[in-house]
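Before I ask anything, let me first share the structure, which is written out below as structure tokens.
To keep things simple, chains are lettered A, B, C and D as they appear, and every chain counts its residues starting from 1.
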Amino acid sequence: MNVMEGTPYALPGATREHEELTRTWAPASGLLRWFRQVDHLIIGRRFIITAFIWFALGGLLAGLMRLQLAVPENTVLSNDQYNQVFTVHGITMMFLFAVPIMEAMAVFIIPLMIGTRALAFPRANAYAYYMLLFGGMMVYTALFLNMAPDAGWFNYPPLSGPAFSAGKRVDIWAELVNFTEISALTVAVEIIVTIFRQRAPGMSINRMPLYVWAMLVTSFMIVFAMPAVMVASNFIGLDRLVGTHFFNAAEGGDALLWQHLFWFFGHPEVYIIFIPALGMVSSIVSVFCRRPVFGYTAMVLSLVATAFIGFGLWVHDMFATGLPQSGESFFTAASMMIAIPSGVQIFCWIATIWLGKPSFRPPFLFVVGFIAIFVIGGLSGVMVASVPLDLQLHDTFFVVAHLHYVLIGGSLFPLLGAVFYWFPKMTGRMMNERAGHVSFWLVFAGFNLTFFPMHKLGLIGMPRRIYTYLPETGWGPLNLLSTAGAGVLALGMLVYFGNALVSMRRGALAGADPWGGATLEWATASPPPAYKFLHLPVVHGREPLWEGPENAPVVTGVSTKKREVLITRTLDAEPDHLYVYPGPTVWPFLAAVTTGSMLVAGLFTPWAFAIGTAALLVFMTGWFWPTTKKKEGEAPPNEGAAAA
Amino acid sequence: MKRLLAAALALIAILSSCEREERRFREMPAAAARNNTKRLVSLVPGPYTPDVRVREPYGYNAYAIAEGKRLFTWYNCTGCHANGGGGMGPPLMDSRWIYGSDPENIYATIVEGRPNGMPSFRGKVPEYQVWQLVAYVRSLSGNVPRDAATGRNDHMQVRTQEQSLPDLVPEKEPARQP
Amino acid sequence: MSERATIDVSALPDHGFGSRSVMWWATVLVILIEATVFVATITSYFYLQGNEAAWPPPDTPLPGLEWPTVNTIILLVSLLPNQFVKAAAEKMELRKVQIGMIVADLIAIGFVAVRVLEFAHLNVRWDSSAYGSITWTLLGFHTFHLVTDLFDSIVLTVLMFTRHGREPKRFVDASENCFYWYFVVLSWLPIYAVLYWAPRIL
Amino acid sequence: MTLAMLSGRGIQSALEPAGEHAERIASLWDVFLGVSAVVYVLVIAFLFLALFRRRREDSADRSRSAFLAVSISTVLTTLVLFGLLVSSIVTGRRLAQMPAHALSVTVTGRQWWWQVDYESADPSKRVTSANELTIPAGVPVRVQLQSSDVVHSFWVPNLHGKQDLIPGHENAILLEASRPGVYRGQCAEFCGYQHAKMALWVNVLDPKDYERWIAAERATSRIPATPEQRKGQEIFMSSPCPLCHNIQGTDASGRTGPDLTHIASRRSIAAATLPNNRGNLAGWILDPQHVKPGSFMPPMVLEQGELEPLLTYLESLR
């Protein structure tokens, strides 16, 4: 008997198919299996765990900062250490955690949710994972070697330039950006292609789940935003390594060029982190209120509008640099306008809750917490969008509070809810509900206790990124309160992740669909078999599992002897052709090792890039060389150029 | 054996990057001392042996070399040596050393001064800053590891950055007596 | 339940050209990413130019115009074999694809050779001013993706002569490779205009 | 808690305006805060209603009314945002107005202190000082902002918002203090090891007092009057100090550290980090890296009996 028995799209008595598919899609085995996996479930799980490890380390650094700032003139950290710690905290959370975790969740969930057997370009996906892993390892090795970047995650020249940052610290920043952006861009391409070409028959573009929409929009934002920061990081790398003058005012360079390039990436980055979370919220609200999200079209349009406006407000981070006033008014208007689509989504969720029957399971609690916190972040966002107010608030703890309300409230809360929600799909077991409630209340209380006082600290003059402050500033008591809150927050996180770790082994068995979900990932076993769906589903609506899946047709005729996936048309998802994906291989790992070595050696000599590119091309040839007569490579060589 | 080798290599990498990246803001009193506490005897038979207590503490410290670069301008070394190319004073970026390329010799040159124009900075520049200057001056002729040398500065460019300067083999110095 | 409706897809083809193929989509996205890189770099070029009273800065000669112009012509010529290969690949005519790809590769190698001369005639060093930096970087970026694509094309050409060359997928690859080459050529035109004509006209 | 937090008290607070610009920003803040509070309460009230309303077993479709509610909320949001936008732009316009006549001061950001130059058409009347900006009350002062190294940001919350000091760019900010007093400002853009201890004091004087002050400031340094002071000056001149510091009227003409001509009249040392008194001065001279690790002031090693005269001399520089 097979694990798919009883799932809605499995034809009964398909034991032979089950056995053949299991053999065909078997993950890598043998001594080197860890380096050869390409399946999106395995890579996705690793991606998620790795990103959460970086999150834990970044959180520890945050704890160190809170300890240092707890009282005036504290000496937990020296100024040199503090600068490294706050910089690494920032780059960890932005580059190593936030974007990767959102992509990692999608790598795991999206193919299941749209009813296909694999993520497009499985080997590139493995490569992207190793790049994230190596990038994080590089930064934390550097931190232990006292050579972590120390010019802030925003890394403004001239401070980050060769004249004011000695040694190789800032170069680590520049290389990390290359690591993480290669990873992020690769995954973005995979996700877009998967969503466009591999949806189950019948899932036309107006029937895609909102989470799929959110990831589609996010991936496009990544495609357009990340190149700007790669250009910037290469500029600063060249300035530091071979003496170019992009940011040297005396030779025609300009420090503001950096700020434009960086924030052209940096502001969309916030929405790249936030939009997937909106998708998660929609999934959770819908399931736990037992009805479709109210206003599907409005939700989709809001996502798209957010993405577009998100590219129009980068100067919002540069109001104090003395730019022309008319320009500033435009960016104020754009920054305020982006509140409208966010508002529409909040209203639609409240309407959904109103119309539905909410049940207060932990994932839903995290969503309620999200709304309560995120609205504060949104409102303080409207405040910093106003030029006059921003002149006072910019670069103070008010902004620290604002961005944590937006990023923790807007992204981490939905993410914690989503992990709770999809945990059974990932592990086959449920997380403990009671511990889930406890962790929610601890995180919620701890978060507000930590970050709400920071609004006030900013207003009474506390700038960001200071390693200490004088007693007579009067900032002591609120900082102490904030540090205490950080303790509660950390405790809540411990409970949450402890719960996850214990439940992984001992949680109650979940079954295919523990929550009564609406979307296709709940139509397969938990955890899903390597081939995901015994028969590919055909869908007729936005909530296929709520619309009588037993009566829906299924797809037959996809080969059980090859790793064949069904390619469907972009808009209406009509079956188009069949395509064979490759099996386990070690090449992505080798290519990632080569890329990583090239980037690390590039800290020291520009020749590393010439030699590294040559080596990489050789590896890519091995990667794309067709393996056997029957199994074929998936990508033509120009994929190689992309990854290089 | 292999593992041992790998561990040894890793350790070397760790130690060297620690050395390179350290920021020593607050030097021990010995290094911060004013170097006018001891007088050298002006007449020494045989080749000159400078009196040096600390032996080149900053040869592989990127921060100290960068500080040396800053002080090179701040203390107006550029007035005579220009940006290393030389002017009223001898150039510092070539392989020719009148008084020797060893850190101790350069230290002595700065602290003691030299005939024909090099003033003595005894008592004017704190000990550790002299050593920072020594490290920087040596970097001008490619005598410090390239990964610790400074990059370009933020002013008009007069020459290639220190990092990219070619390594110069110093001219043979007379063998020193023990 | 055994009467459940099914959609049998076993008759569907195992490849598709153009926008039907997943590779085409990946190529388009890669092109979008690289185009964004070029746009960001060209925008930086004009941003830096806006800061300077003279461009190129005083005492810096203009970049040599001969070699890049020769190169532009070579690149435009390369479109002919490129289109020939693309058409042949979509009709799965192996011999034509093989010949066309060899010709296209030879032209591209010629282009890279002339590119070396272009660098030699930029008349500025990357570390002498921001003008030099952005000029070298922009030309460097284009050269980088030119060289990688040339290498890929050569590998694919070799593949076309092996037993793998007959697989339909190889023809899809060849077609996508030509598609990408269009981008290499078309992205060169604005870069050529910026690097060699902007300092003369603007 | 929320209410307690909204009342402002602090050493440098945007909520206690003492100048025209800060007042305008503070009133705009009040508007935004009020509107935000109302919006937040409404959203949370609706959320709770939605969560806990009593649900009857009726099958009537309420999505029409939900559609209406969402539409109305969206329109209201748009209107409120538009209102806020207009009020913000109006305030922004007012802040941007530069009067034709204003006192001119140049502030240069340095790692990690502020150089302050009081401009005058007559070169002999220019005054250079550090870490303290003295301005007359009720008079517009145009502060030119420039940086000699990295990006800094000039921010005196009680008087105005911040403005960046960017190498290669000229920025300016207009201050107009409404009443005499002492206000603190601090660098607001991360600038390296001592970003945390790069502050300055702003003394707002009655215009008449200001005239007196600037006249005194224009004078060269006091000539040592007592033997102890004279000895101190000798020690100063033979030490490394003059390589970086300037004392007008003496041989000390360094330009890389703060000008010490009238150091004793200043409120603080080390960029508003320590109150200016004999003990702190001694500590700063002997071990500056303890107070501000990474700053460019090297420690002085003094012989027995050198410190006291040196301090006496510095304290005489009023």
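Note that in this section a contact is a pair of C-beta atoms (placed from the backbone, for glycine too) under 8 Å apart; a residue touches a chain by one contact, two chains touch by 3 or more.
Here the structure is a predicted model, which is why all the values come from computation and not from measurement.
Novice: Higher C-beta contact count, B-D or A-C?
Specialist: Looking at B-D and A-C side by side, A-C shows more C-beta contacts.
Novice: Between chain B and chain D, what is the gap in Å from one C-alpha centre to the other?
Specialist: From the centre of chain B to the centre of chain D is 39 Å.
Novice: Provide the C-alpha centroid distance between chain C and chain D, rounded to the nearest whole angstrom.
Specialist: A distance of 52 Å separates the two centres.
Novice: Counting in whole Å, what is the centre-to-centre distance of chain A and chain C, each centre being its mean C-alpha position?
Specialist: Roughly 31 Å separates the two chain centres.
Novice: On a C-alpha centroid basis, what's the spacing between chain A and chain B, in Å?
Specialist: Chain centres of chain A and chain B, defined by C-alpha means, are spaced 47 Å apart.
Novice: Send over the residues of chain A in touch with two or more other chains.
Specialist: In chain A, residues 80, 158, 163-164, 239, 242-243, 245, 248-251, 253-254 touch at least two other chains, as defined above.
Novice: For chain D, write out the residues touching at least two other chains, lowest number first.
Specialist: 149, 167, 193, 293-294
Novice: What residues in chain B touch two or more of the other chains?
Specialist: Each of 23, 25, 152, 154, 157, 160-161, 164 in chain B touches at least two other chains.
Novice: When you check every pair of chains, which ones turn out to touch?
Specialist: Chain pairs that touch: A-B, A-C, A-D, B-C, B-D.
Novice: Which residues, counting only chain D, touch chain A once they are in their complex?
Specialist: 1-2, 5-6, 8-15, 22, 24-25, 28-29, 32-33, 36, 39-40, 43-44, 46-47, 49-51, 53, 55, 62-63, 66-67, 69-70, 73-74, 77-78, 81, 84-85, 88-89, 91-93, 95-96, 111, 149-151, 153, 155, 157, 160-164, 166-169, 171-172, 184, 186-197, 273, 293-294
Novice: Mind listing the chain A positions that touch chain C in their complex?
Specialist: Against chain C, the touching part of chain A is residues 11-12, 120-121, 185, 188-189, 192-193, 196-198, 201, 223-224, 226-228, 230-231, 234-235, 238-239, 242-246, 248, 251-254, 257, 260-261, 264, 535, 538, 550, 552-559, 564, 566-567, 569-570, 575-580, 613, 617, 620-621, 624-626, 629, 632-642, 644.
Novice: Please give the residue numbers of chain B that touch chain C in the complex, ascending.
Specialist: My answer: residues 152, 157, 160-161, 164.
Novice: If we count contacts the way the header does, which residues on chain B are in touch with chain D in the complex?
Specialist: Those in contact with chain D are residues 23, 25-27, 29, 32-34, 70, 74-75, 123-126, 128-129, 154.
Novice: Sort out for me which residues of chain C touch chain B in the complex.
Specialist: My answer: residues 127-129.
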